[in-house]
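These are the structures in question, set out in turn.
Next, two complexes with chain A in common: one pairs it with chain B, the other with chain C.
The block that comes next holds the complex of A and B.
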């Protein structure tokens, strides 16, 4: 009960913080960076569902991110579709593509899967880069409209965009939380644990892996679409491998296969990058060793460190209660002994 | 009930089992004996659909199952409890059991029924329901693995070396439980290296050597067989 209460306060506190944040800083640039990191978080949550909970490390997620972004961009700019409809279609299209690619990719495992998806991601990037007629190639796609008004609410100010993205982030977290704590989520974890074992329990692993893959790509697509609507300009670079590795680094540093890892890792690295901007590309000299250190010693990232610490503390508490009881026994024993001695003296 | 006709399984170019014929009748307890690497687990994996059958045919209740996917085979009623007590160590005992009932996930009443049966067989699993599976002792983990397999309410239960690595007293308990499961009407195929204990509760047995069946017969016949005694019972 106290754990539940505890978690509830933490979650409420975090949401409150996120809601108040733009009013506290009032700095457009800071709000802009925060909004961007929320967008990355959505993508990282998607990656976490597949790589963290199902055990399939996809390196194609920047590709799916770009597919979402370009779907929204092309639908709004070229076809004049309403932003919200385009957002739904972009997710749908990314999901369908994810389904088709997943059907093939999921026949491989482990590093073969990673390499296969790495290639898929690169092919998506190349298609966007080379298909000038459709995507605008290197020139990119400009003039993507901001989210259209919903009734009286407009999404032109940076604060309103911030809240829009925050809304989708909370939706994503809620959705992922529900999945992870459902039978489907346990099925994913069973697959991560051992596919043979899952099979002997009667789990159709292919079907479940595909569900995880498709959901994961949909979140990547959603993040991409939101990115397109937020930055309003997209180029093929957003589909490049470096974005995949960014997402992966956020996830690994925060804690892969944990519920709060994506938030922790993304915030930490995005803001650290901001402060270390003067180092330019030498920033990697900081992140590289940090990442290597974490992966070797704390494979579940910062959240993993915290969880370990909490477990140890609980264990220590349990032990100290135990010792306390022992000590009490000893004290009583001592008291008994001295009373005896007293009697002897008196006698 | 279960019939293997000339079944061969290969790992790459290596033939792990060759032209195996096995027959299990409804309600029987059949044991597969054989030393390390003889091919017992491979036979189980082939029946479960985890390894594809290179040659031959596997039939269950009159239907060919050798081309079905593993989950279909579980739904048909064959469940294997693999060697090495493979559990989900981070999940609780209860959650592990519930994963075993995956095929009945839409029939709550059946899940409850199965859970009650498992608790009756292994009261300790109810007691430790909220503990992480990884925190159990070796014997308890084996019980959980068997309990989880039973949650699917199999017609044919395959147990792969359930006694390995357990203390003698626990081994004895384990064999008692296996007998109880048999008496409750579940057909059992058991792989064991502990031949004397296994033959005591088995109806019939097959002795594997280098991937093929060397000797077969009733438990009494095998127990009396000079060669079997020398190789596996050590008397």
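The block that comes next holds the complex of A and C.
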């Protein structure tokens, strides 16, 4: 009970902090970075569902991110569709594409899956880059409109954009939390732990893998669409493999397959990158080895380290209680034995 | 007809490079069952080290390649020791992620040392020669000859020497090799050394006709993956054959289909193959 209460207060505290944050800092630059990291978090949560909970490492996520971003950009700029409708359509389109690719990609396993998705990601990037007539090629898409007003609420200021993205992030987290703690989530984990065993238990692994894959691409598409509406300019670079690697780094450093990992990892690395700006393109000199080091020694990331520490502490507490009880038992037993002996002697 | 001949020769050149890279990748996969995403970074390092040896130290092209092979080979060994050896019992997803970490590190390192600019590698074999009625640069002829020579030597090494046979044995059955007294640690290190060396040869040979830059390994490694899936993961003849198939289809595709989309051919090929046969063509047993 106390654990639940504890978690609830932590979550409420974090949400309260996130809501109050822009009013506390009042710094547009900080709010901008924060909004951007929230967008990344949505994408990382999508990746986490697939790689962390279902055990399939997809390297096409930047591609789906770009598909979401370009769908929104093209719908609003070229077709003149309303932003909100375009946002829904962008997610839908990414989901459908994810479904089609997932149908084929999920027939492969492990290494083949990683290589397959790597190639799919590259194809998406190349198509965006080379299809000048539709996507604008290297020049990219300019002049994507900001989210249109909902009644009296407008989304022109940085604070309102921050809240918009925060809203979608909370929605994503809530959704992922409900999935992971449902039967479907358990099924995903069963597939992660042993696909053959899951199959033997009567789980339709293909169907569940596909659900996980499509959901994770939809989140990537949502993140991409929000990115397009926030940055207002997109180029083919957002579909390149480096973005997938960035998402992967956020996920791994936070903790793959954990609920809070994406938040921890993204915030840490995004802010660390801000402080390491003097390194610019060389930041991978730090993050590359960090990634390898973490996966060797702490495969569940920072959140994993914390959980391990908590578990150890609980185990120690449980052990000491247990020992005390044992000692008490022993004392009683001793007393019993000596009483018996005395009786024998007297007799 | 002349265009076709020219393109076929181009295909032979590109195919030779692809085969060399794919060979290194397939050897490592055969031994350790990891797709080494960092192999492209080794390729890139090979190009840069040859470049530095020639422009800064000023040694001859062949000596520069030799130094590059040794250095990149050692880099491969170091990678095996530091990163892949501790992960040998970890879930497969971990190797891949660690390899990506190494890849990112090496690329950033190259950019830090040599800058992000495109460099061109000077070659002493720039002259144009006439070969069976085709006008080609000597460097391209050299690529084909050197690559074929390297493949023959590798084959002899694997088939005729005891050390080579131990590599084959380990790729066939790791536990079995261990049981008959093969030092699997040493074999793994040796394999990484050969794999890095092959990548360095490929990069040094191709650098004069392409360019040297930090991202030069990206496309090559992706295509090498396509090749080893095409030829069967871990299969040596498959990697050579697959390399040439891809080389030819790319050079012909660039001429007769579309030059813009020539890089996509490999990936479309892969997507089709894995769609039809999810375990790759010529898959062995359970892999």
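Side notes on the structure shown:
FYI, the second predicted complex is superposed on the first by the 321 of 347 C-alpha atoms of A that agree within 3 Å, B and C clash if a C-alpha of one lies under 4 Å from a C-alpha of the other, contacts with A are read in each partner's own complex, and residues count from 1 in each chain.
Just so it is clear, contacts are C-beta pairs under 8 Å (C-beta built on N, C-alpha and C of every residue); 3 or more make two chains touch, one makes a residue touch a chain.
As the structure is a computational prediction, the values presented were derived from the model and not from experiment.
Legend: residue contacts after superposition of the two complexes on their common chain; A:156 is shown touching neither chain B nor chain C. In the overlay built on the shared chain, the residue A:285 is in contact with chain C alone; chain B does not reach it. In the superposition on chain A, contact is made by A:197 with chain B only, not with chain C. Between chain B and chain C, more residues of chain A are touched by C.
Contacts of A:115 after superposition: chain C is touched, whereas chain B is not reached. Contacts of A:126 after superposition: chain C is touched, whereas chain B is not reached.
Contacts of A:277 after superposition: neither chain B nor chain C is touched. Legend: residue contacts after superposition of the two complexes on their common chain; A:189 is shown touching chain B, with no touch to chain C. Taken in their complex, chain A has these residues touching chain B: 183, 186-187, 189-190, 193-194, 196-197, 199-205.
Interface residues of chain A, counted against chain C in their complex, comprise 51, 55, 57, 104-105, 107-112, 114-116, 118-120, 122-123, 126-127, 130, 241, 245, 248, 252, 281-285, 287-293, 295-296, 299.
Across the complex, chain A is touched by residues 48-50, 69-71, 74-75, 79-80, 82, 86, 88, 90-91, 95, 98-100, 102-103, 105, 148, 152 of chain B.
Within the complex formed with chain A, the chain C residues making contact are 33-35, 82-83, 86-87, 90, 92-94, 96-98, 100-109, 111-112, 116, 218, 222, 225-226, 229, 233, 260-261, 263-264, 266-268, 270-271, 274-275, 278-280.
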